[in-house]
Amino acid sequence: MSMDFSTPPYLLKNASVTRVMTQVLLALVPAIAVYTWLIGPAILIQIAIASLAALLGEALMLKVRRQPLAPFLGDGSAIVTAWLIALVFPPLAPWWMVVVGTLFAIVVAKQLYGGLGQNPFNPAMVAFAVCIVSFPALMSQWPNQALHLGFADQFQIIFGLTPRLDALTAATPLDALKTGLKLGEGQVGVAALLANQDVYGQFAGRGWEWITLCYLLGGLWLWQRKIITWQVPTAYIGALAAISGALWLYDPAQFASPLFHLFSGGAMLGAFFIATDPVSGSTTPRGKLIFGAGAGLLTYLIRVFGGYPDGVAFAILLMNICTPLIDLYTQPPIFGMKNGK
Amino acid sequence: MSTAKELTAPGMAARSAVILFLFVIGFTAVLATVFSMTEPTIKASAAEEEMRTIKEVLPAALYDNDLLHDTVDLPATAELGQDDNSKVYRARLAGQPSALVLQAVAPDGYAGKIRLLLAVRNDGRLAGVRITQHKETPGLGDYIDPKKDKNKSRPWITQFDGLSFDTLGEKDWKVKKDGGHFDANAGATVTPRAVVKAVRKALKFANENRDRLFVSTAAK
Amino acid sequence: MITWAEFKEIFVNGTWRQNSSLVQMLGMCPLLAMTTSLVNGAMLSLATIIVMGSSGFVVALLRNFIPYEIRIPVFILIAAVMVTVVDLGMNAYMHDMYNILGIFIPLIITNCLVLARIETFAVKNGPLQAMFDGAFMGLGMLWTLSLLGAIREFIGTGTVLSGIEAVIPGLHQIEVLPADYPGFLVSILPPGAFIVLACMVAAKNWYEVKAAERAKRQPPAPISAAGCH
Amino acid sequence: MLQLFKFKGGVKPATNKTQSVSQPIAIAPLPSHVAVPLHQSIGGTPRPIVAVGDKVLKGQKIGEADGWISAAVHAPTSGTVIHVGQQTVPHPSGLAADCVVIEPDGKDEWIERKAVDYRSLAPETVRELLREAGVVGLGGAVFPTHGKLTPAKSVPMEQLVINGAECEPFITCDDLLMRERGEEVVRGAAIFRDLLQPQKVLIGIEDNKPEAVAAMQAAVKAVGEDFEVIAVPTRYPAGGAKQLIRVLTGKEVPNGKRSTDLGVQCFNVATAYTAWRALAHGEPVISRLVTVTGNVAKPRNYEALIGTPMDELLALGEPKADTNGIIMGGPMMGFLVPDVKVPVVKATNCLIAHSDALFPPKAPEMPCIRCGECARACPHELQPFEMYWFSRAKNFGKTQEYNIFDCIECGCCSFVCPSRIPLVQYFRFAKSEIWAREKEKKASEIAKTRFEFKQFRDEREKQEKAEKLAKAAAAQAAKKAAEAAAAQATGEAAEAVPPPAAAETSPADAVKKAAIQAAMARAKAQREAAASRNTESLTAEQQQDIQAIEARRMASGLAVPAEPKAE
Amino acid sequence: MISAIAVMALGAVILGALLGYASVKFKVEGDPLVDKIDGILPQTQCGQCGFPGCRPYAEAIAKGAEINLCPPGGAEGVQRLADLLGREVKALDAEEKPKAVAIIDENTCIGCTLCIQACPVDAIVGAAKQMHTIIAPLCTGCELCLPPCPVECISMQVITETVDSWKWKYPVVDIKTTGMTSTRNTPTGGAGGIKAA
């Protein structure tokens, strides 16, 4: 049956989905290293939990869908999703929440839509959205860095072996800033709040600013390797910087600087690793610009005016919805048709 | 269904108008009949309902008058969060003022307004607070309603019982997260923050206007 | 007036084959809003049964007097009157239940299922048939919404039958999962309704496919579709 | 130096050209037989003008061009025609097509060759000569060359592009041709120049062939022309006509437009060479340069006769033991021939011995992840992944919205795809489905109009008949009334205007009826018991008629003896 | 109460009048659906569906006739009709036959013209007592000429694939069966025979 036609070209470039995914993982490694160093080894535990859960969920669904296991488990896409989930979840999130999020991402957001390449939404962001909606309290508890917890402590907290004391956790810098501004009711300015070095560090979240810088470097490496194109990150960062800059210039007391917004929360991770996901994102050159800019803009709006601590996940999910429309209206002109039409 | 293709447009218009008119008259009549039949019962159960909520916030020992008819109508009152008219029930024991029952609104709930009913004794202590209407997230912010609160033995809302500005300084009327007195479930501080704020303001209003309210003539 | 076969056909259609939620996918608004618990879903369905049965009956009775071009306003009028009657009746005689469902009873009129059944069934059939069609469509909604509500409630909060005390005084909700169950909130929010409903639709389709396969494997067996539920 | 332009997309596969350029062109020995497919160019299929047993001479025409866009085919060597008919041809389908098979007599004896001075001839005559010589585009598209030699009326010709880019890996036949026979290529280009009258002639050669560039520059100088030889950057598919035109002139030829509409035309170097040979030497296209390479011990370029069995030609290169197929053309756009014995045709520029070591088997196809690599590689700036999506779903209307017919099937998208999707395959599938559907639709439209017309005609005939009948009846009644007394006359009158209803009684129809019945009887006899529903019991009288008629028919040779005939 | 009824009644009169007026003014003439259905039908005019031609069948479908009665349209035709009408796909009510054209055996033909009258698309030429012939490109393969022929000299010849009519096949997605082991789609007849010659 399959033998009655030939399939040129016979020469093929040395490329595969696995190679693409492996390079994405490699680009995340420096950020993970800095994360481990600054925040603690909890992230490594979370990555392990999420990867296991992702592979398990993937294998289960592939069996149910009667698909071969080897090529799809080996393509690395589930691992990428797992790592991203681990990186966007609070590092001290209980293990079961990471498992629930990962399974939801793989089973519902990816496999139920047809598996690799078919998901309209970024699975990692779906996991984040589901968990922050379902477990808002747990999803906004970030490690209190003043405590300097070791591996054993973090391990015990993640697996529920020691009680989760309120003192162990704190809000993210973004959340803390928002609450601070709200409580201050116009009396306390951004500058005063940011002066607290224990929470905000040099220019964004304490410790987090260096991790986000690593995301930026990893992203630039991906661009250099031609795994991603320049459009989405540029538009994302540009839009986020533009709107935060404009409002910051308008009232620096009530709105944080672009630098703070770019280097806190998941902005850089979103710009280089999540919004660039080709499956759920736009694919045309102009479409990518619109997609990135939209995501950047929404990120800011949700962060500053919305009810959730960070807006990256919802912004990207919202833009995922628009992808088909964007692609439809941004088809590039083809060879020979640039002038006429 | 009958059709009349021969009719011209105006003719058809007239015919349809007449038929629709007849239907409307007929069914409106049915509706009117049902309404008049059920009206007394509905009114009775509404009154019963009103009384039942009041009973929840105000112990029966504190009054012997007909609360539903000893009321004052307040215009829009910012202190109560009301941007419309609201009612104040006046409880009397043996003819002497004993407590006020106020309707208050917390406008800054997580999902819109939260309506409250609270009873304030004459000594400035809260007799009780109840949520009468809210749209807070189920499972997250809805524990302010004792029916939804998981802690059945001591629902969150009962924290207010017996409190006054004498026992708790006005500055401490905040949730613990903001450095105040009141507990709040982690992850859902917006709702209790709004409720605490509304109760504090309403209590203050009651303390300041108690005499004026008891003096003013009864509504109706 | 109505034969047994017709009755059976209407019953199977309403509760299974043309199930409003699982097959026709109508009435999604109440489905999303009211199935946060078993009791809510069931109560709203009960009210819908009354509205649909009565409006179907009335429309079928008057069907020969309703001109084609003004049928929609007339249908809406009839359905709206029935809804209001139910609303007033419940308010007067079942006040506790009315307190729970109060704001959703008037919304029954926006349930497209009501108008859909009038438009496709009641105007073409006798009053009794139309009444049963409406009632059984509502019955189909009752069991699906109850199940949907039960699943969402269980996953979301770990309880079953919360709010039952308002309907049957003396009964209480059952807490199935331990008290420290954190709750899976998505299940109670509208997206949860979509996800659980999708799973139910998938289960039904899977069952149908399997049933069709079975029927194909043993062709001589007389297929009585009515018997399956 | 001319300013060069860039085309978007393209890929850079390993060129693999050095293997086959170390040796000069060799003349392939006479094969055991030659099978010349009649259909070797775009357009009408030439009609065979020889029969089995005919002796033919080398260069003798064996297929007459059919229509203007068509080119003649010729005997590649002298010998005897041993077969005219279906033979497997080098086509991805593996189907057979009409061929003329010649057994060489070994003498390789030319037919009389007539050289002409084309400058003294009218352009139409030159084009006719090229058509008669079977000159077609030898770059692979095999479009009859004479069809491209008419300048557009409204647009002046600006550039003539001679394509020596040869961008596909492995292939070197044009390279060797330019190195060794550069002068003749230049002279051929001059013919095209004289016919098209462009302002400039540009010879584009990829910069990985410096020897060819130098040879061509020398040849241009030697011939004394002012052609520009330009080295273009090596990037597949720079040798695609549209891409080369873009690189050399900056013009983009859109789909559905001829390049002459933009004042530019493009020919392959080998085509120029054959055009020169055809006019200046009277030699039709009966051989071509073929690169034999790939998994062979001695890769080399051969001048091979059209019709040479591929396995015989490949054997000259001494294929290695693990060879398991022959790719005709390059590894990007060529295809594995369905049968190694198929003949070399005018489109055969290269034979690559295929082995799994040389061309590793593809990993299984994975789902598309929309990475967009294909879109970046597409030289026509299409969105292959979108086209793939809709081709796969058989949503052909959508594939057309995404311009599937602009696809030149260069294979760049498949080359870069990390999911290993045979994209080109999907596009070919979609294209041929769309063509088939278009054809079907056209046919059904014709059927519909014809059906409607027939219905209309039947209706009209019925009406006319009824009118006639009514008229006749009226006339008859009138006559009856007028000439009631003269009964005899009435009868005649009635016969003079026979009512149509009685038509079947006319003598002519009687004969016809009898004939039908006779035939029916014969058919009955043939089929024995199987009685047709049309065969009712016949009267004795009719039987007699039948026999009489049958006898007559037999005598006149009209009918056949009552025996079942094969086919 | 009275005012409520008055408002309702007024609304009823106005809306009723509007609707009645519009129902006459904006009446839709003709049925574009039939044209769409007719566009899908293959126009063989064979009558195998039980209707005299494609157009009548299209009209019947628009009125509710089954959509699976057209064998020349094939399963694909049924699918497209189902898509257009939102109906369920049904198995074709007959076997699908390969496309064919009618061929008249010229030696047997007696020139009776019966087939000419039967042909719905006038694809047969000939005259009385003259040998008939079929214009193959116009023949729809409807087989209507077969029964009337008294000598059964017409046969259906299946249209075979040629190099020109050959279509590229749908690339077989065979990831399910192969796993990581590779497959290459080599042509049949492949080149087993080539070793070093």
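Labels for the chains are A, B, C, D and E, by order of writing; each one numbers its residues from 1.
As a convention for this text, a residue touches a chain if its C-beta (ideal position, glycine included) is under 8 Å from a C-beta of that chain, and two chains touch if they have at least 3 such contacts.
Since this is a predicted model, take the numbers as computed values, not measurements.
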Length of the shortest touching-chain route, chain B through to chain E: 1
Neighbouring chains common to chain C and chain D, by label: A, E
B-C against D-E, pair bridged by the larger set of C-beta contacts: D-E
From chain B, the most remote chain by mean C-alpha position: D
Rounded Å distance between chain A and chain E, as computed from the means of their C-alpha atoms: 52
Inter-centroid spacing, chain C versus chain A (mean Cα positions, whole Å): 41
Separation of chain A from chain B, taking each centre as the mean of its C-alpha atoms, in whole Å: 44
Chain centre separation in whole Å, for chain D relative to chain A (CA means): 55
In chain E, residues with contacts to at least two other chains: 12, 15-16, 19-20, 23, 168-169, 171, 174-175, 178-180, 183-188, 190
Per-residue overlap in chain C, given as positions that touch at least 2 other chains: 67-70, 73, 183, 185, 189
Junction residues of chain B, two or more chains touched: 12, 15-16, 19-20, 23-24, 140
Complex interface listing, chain B residues touching chain C: 1-3, 12, 15-16, 19-20, 23-24, 27, 30-31, 34-35, 38, 41-42, 45, 48-49, 137-140, 150
Chain E to chain D touching residues, read off their complex: 42-45, 53-54, 105, 107-108, 110-112, 114, 119-123, 128-129, 137-138, 140, 147-148, 150-152, 161-163, 165-171, 173-175, 178-180, 182-197
Interfacial residue positions of chain C with respect to chain A in the complex: 182-187, 189, 191, 195
Residue ranges of chain A in contact with chain D within the complex: 4-13, 15-17, 19-20, 71, 75, 77, 114-118, 229, 278-279, 283-284, 327, 331-338, 340
Chain E residues within the chain C interface of the complex: 12, 15-16, 19-20, 22-23
